[in-house]
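Each of the next two complexes has chain A plus one other chain: chain B in the first, chain C in the second.
Showing the complex of A and B:
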């Protein structure tokens, strides 16, 4: 067989071809040899000599298909309304497959003749050129187009009406399973018939089916919703709606094209949820306060889908958590207040976090509501004149866990509790106040060797560092290093003593601390005559220290020193740990059994405040007996020779080791001073970089920089005034609320 | 002896014994550290010259290294010698 163009008789070839085309389109039996021959015929026609007959072939084929589809239409119409969908569906299945085969039979025509004159894909999608009416289409496309024009368009209204009816039957549960396949097939034929298109593939489907479908769906569910409204309360309503939504989306997946899923769901939600928001919201408050988990679980997805539906619920959840939190943290008094406060707040937080996870799928909006509520509760001040106590209570809580005495808790339990306390810490506004309290308590633990374990201390500091940054824990770290540096120093000192053959007569160790890093006020320093027994060790150490470190000045903090004393004058020997001041007092009784207060005080040179405090502590623990109820200058103190205690090792605590109200006040004022300095530094930094700034802009920048606390606007204003006085900044001459930096 | 001391633990603080509050080079407090350090204390010590002026060690070293000709105290222009 030759591929050379030759003279072809069109009529004759077409008659033969037409027969095969008919067989192909009706899925009849076409032997392979016939197929091959006809394939070649298409080729010969296209390349015929003297002129190609491709256009003629195209026209004839179109005429044939037109005729064929019109005949099918008559057949479908004549089957009657009841069978319309079924016959249409069968005709479509046959035709769509047949046209697919036919397309292949005409491959040569499609490839060589038609493709060449078509617009390219890019031209159609990006250009504004639309294919003209007379443009030739590939045979497959042509067939589908003819189907659309000759079959779908005349039947459109009837088909759609029947489809909608069929789906309605399905909704009310009266459909036969056989018809559902047909409905699905017919709907998809609207998509299939335009699938070849490069642009607007779904145009027909959307126009003739989706739009009316959405409308009837909306109407149907509007009616359903109003029916439910009359017979149900909110929680039943939600259950029904959830059920219907799920059913409808299943139905969608079954019948419709995937592009419609979201539109249908949105339509249903609009009718059943958005239209009745007020009804749903009316129960929100009760649901939240009673914590009806099931109802809330149903409510969440419904409201979530509707724009602006959720915020109402979120708000109620926040108010509820806030109320529960306030209930949990107020009304704690006494010794264990800090433990109750922290643990009940933690349990509230844990409970609602869990609830949000379970019920609201950890939705971000609810999480931030939880945060808002917790931070409100934790920073709540019952009395606006009093500072918020949370930072202090939390610091105390940590202190009670890190101290030696925490009862019966295993290391891992303590560790857990400490890491939980960070949750509360993050909500605290006045983190600097917490830091002040924490560092005071840490200092006390370190100096009096009361820490449970150094590892736990360090882990806690690291947690704070993680939560609040390096600056925040800087001083705490320095305190820590001082203790270990001091250990080295003690070792060096004892080698020094050994080397020089010096005997101090007593065991001596020391903490040398950096003055700036420790929260040790100068307020408690008092004059004091050191007992003779201790003088040597102090002198030797000072010698040693100045040899090692030149240019440093040591200040002894005797009120923080403590020692171990052996009492030999009683029936059995006791070993007592006490403050150095108390030691000094007891040492004076060496030569006598009773002394008058004024005498004692003049020997010791202590100020009367401190003196009274330490005398009282010794009287309280019954080592000394006092001649009068309160301690005055004339009171005579006598050694209690009858003292006895079950334990032979004991520790005398004094008021010193507990936080006094004055100290509390000091802490608050110290924090205030620090804040002022911090704010002034921040203002100078900002002004230095900006040169000129308006008042409000400056305030905003300062607010955004202070992370450790929320400064009061009035305080910022005062700091600005102070800086103007100090001539760091000045008001600009032409504007009243603008400042400029003075270099 | 009625009472004997078995042991005692002293507590003391230290600060620099400088003739000024701030370093003459970086103008930051001696109680703090030089601009290149983050933690004051042993990591950022002070040094004294024989002229009795003192600086953060990091500050004076930087100064001395930048002087090509002679090593002088930046305050009094005397020859700089470390005081032992």
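Showing the complex of A and C:
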């Protein structure tokens, strides 16, 4: 066989070719050899000498296909309306497959002749050139185009009507399984017939089928919805709607082209959900307050799908959680208030977080509703005149966990509870207030060695740091390191003593604390004459310390110190741990058995408040006997030689370790002062870098910079005024709404 | 003839600075100095309370008259109840006056100018704050009592409709505020112009000193109380 162009008799070749074409298109039996010969014929015609016969071949083929399809149309039509879909479907199946083969038989024509004259893809998509009518198409495309024009267009309205009826039958459950394949096939033929197109492949499908389908679907479900509305309550309605939506979605997947899934769903939702939002919303509140999980589970996807449908539900969920939260945290009084507060708030948080996970698929909108509600509850002030107590309660809660004697909880349980408490911490607006309370309590734990475990303390500080940043926990960290540095210092001090052969006469250990980091007010400092027994220790330590760190000033906080005293004058010896002031009092009884208060006080130089307090504590624990009911200057105190106790090691406590109401108030005012300073510093910083700023812009900047607390606008304003007054900033001359930095 | 022209001009309402300076040239320093001497304190080179009282009497003005404030402003007095020689002589020169009579004639003229020109008034208004501070103790904030008096005085002309309510508010809260800082004083003029008679147009998100927030809130509370009281009254009548 030669590939050389040769003279070809068109008529003769075409007659032969046509026969094969007919066989191919009707899926008749075409032997391999015949196929090969005709394939060559197509080639020969295309390259025929003296002139190629490709155009002629194309025309004849088109004529043939045209004729063939028209014949098929007659056949389909004649089968009657009842069988129309079926016969169409079979004709299409045969034809579409046949045309596919034919396309391959004409490969040479397609590849060499037609492709060359075609516009490139880019030209079609980006240029505004539309292919002209007389442009030649590849055979496959040609065949489909002919099918579209000769078959689909004449039958269009009938086909679509029958399809819609068929689908309707399926919806009401009266379809035969055999017809569903046919319906699907017919629908897909609208897509298939344009699959060769480069753009708008789905144009025909969308135009002749999808649009009417959506319309009837909408109508159908509108009717269904109004039917349900009459006979159902909201829960039943939602169940039905959910069911119908799922069914329709399945149906859609079965029958339709995938491009339609979303549109169909949206249409159904529009008719059954969006159209009846008020009806659905009417029940939201009750569902939420009664926490009807099933209903809510049904409600969520329905409303979620509708634009703006969800916010109503979100808002009710928020209100509900808020109410539940308020119910849970109010009405706690007494000793364990802090534990009840934190734990009930946590359980509310946990419960609704779970609910949102289960019912609302952890939707972000609901999560932020939860946050909003929790933050409202936690920062809620029952009395607007009083500061919010949450920071204090949370700090107390942490304290109770970190202190020794936390009621038989295991280490991991404590750890869990502490990490949970961070959840509450994050919601607190006044984090600086929390910090103040926390540092006070931490100070007490550290100084009085009440910490359960230093690891737990450090872990908690690190958690706070993680949640609120380094600046926030800076002081806490410094307190913590002071303690460990002090341990080293004590070791060094005792080596120093050993080295210089100094005997203090007592065991002595000390904490050196940085004044800036510790919340130890100087308020409690009283004049005090150190007992002789302690003088040497104090002096030696001061010498030692000043040698190491010259220029540092040590202030002795005797009111925070304690000592152990061994009582040997009683029937059996007792070892008593007590405050240094109490010890100082008892040490004066070393040489005598009774003293008058005025003498005692003039020796010790304690102020009368403190003096009375410590005397009372010693009288209360029966180590001393008092000559009068109340302590006055003339009261004589006598050692109780009859003292006895079952335990030989004991500790005398005083009331001072409790947080007093004044201290509470002090904390609040201290926080307020800190805030003002912080805000003023922030304003100056901002103004220094911006030079000129409008009032509102400045306020916004300040708000965005303060993370540890939410400053009140009025407070920011007052700080701005204070700075104007101090001439750090001024109003610009041309606008009273603008400030400028005064360098 | 020369003289009659001068008096003619002096009686004319001021036509801006040219007129003043033209007359100013003719003011004799010696005369003004001797005028100062006639009121000056025997021990100090200052006109003090007693001298000011005499001056006011000669001007037939009460010492708390608005025109006295204008005089102080024109003399650029640094402090109440005291004129220094420099202030007095410099002020008289720029006013173009050298006698009590001339001052007496000049003051009403300036008063009309103050009343009609907002910028001139603003100058006087701002001066009044500085004037009120007691320099001897380094005061930077006007005590409420002084501030109230000065507000009344300076607003002898151009009194804003809100003034009485404002002063009543200050009076009720004199224990709460430590005084009136310069910014609040200055901004009150803007405030009074901004709100007019109607506090409902006040916007607390603007850059007003916070004391105006308090004032507006207080005023609203009062108004609400009045309404509820009225409601109660009408209820009674119905019954």
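Observations
Please note the rule applied: the second predicted complex is superposed on the first by the 740 of 743 C-alpha atoms of A that agree within 3 Å, B and C clash if a C-alpha of one lies under 4 Å from a C-alpha of the other, contacts with A are read in each partner's own complex, and residues count from 1 in each chain.
Heads up, the rule we're going with is that a contact is a pair of C-beta atoms (placed from the backbone, for glycine too) under 8 Å apart; a residue touches a chain by one contact, two chains touch by 3 or more.
In this text the structure is predicted, and so the values were computed from the model without any measurement.
Annotation: superposed three-chain arrangement on chain A; chain B versus chain C shows no clash, the two fitting side by side. With both structures placed on the common chain, the touch criterion links A:718 to chain C but leaves chain B unconnected. By the touch criterion defined above, A:743 lies against neither chain B nor chain C after alignment on the C-alpha atoms of chain A. Look at A:565: by the touch rule set out above, it reaches chain B but stays clear of chain C. In the superposition on chain A, A:3 makes contact with neither chain B nor chain C.
Comparing chain C and chain B on the residues of chain A they touch gives the larger count to B. Of the two partner chains placed by the overlay, neither chain B nor chain C lies in contact with A:258. Of the two partner chains, chain B is the only one that A:517 touches; chain C does not reach it.
Taking the Cα centre of chain A as vertex, the centres of chain B and chain C in the superposed model span 60°, given to the nearest 10.
Using the contact criterion defined above for the overlaid structures, shared-chain residue A:172 touches neither chain B nor chain C, since it reaches no partner. Once both complexes are placed on a shared chain A, the shortest Cα to Cα gap between chain B and chain C comes to 26 Å. Overlap of the chain B and chain C interfaces on chain A comprises no residues.
Residues 694-696, 713-714, 717-718, 720-721, 724-725, 731, 736-739 of chain A are the ones touching chain C in the complex. Residue ranges of chain B in contact with chain A, taken from their complex: 1-18, 31-32, 38-42, 46, 48, 54, 83. Chain A meets chain B in the complex at residues 447, 449, 470, 474, 477-478, 481-482, 485, 506-518, 520, 533-534, 537-538, 541, 545, 549-558, 560-569, 575, 580, 583, 586-587, 589-590, 639. By the touch criterion stated above, chain C contacts chain A in their complex at residues 140-141, 181-184, 187, 190, 205-207, 209-210, 213.
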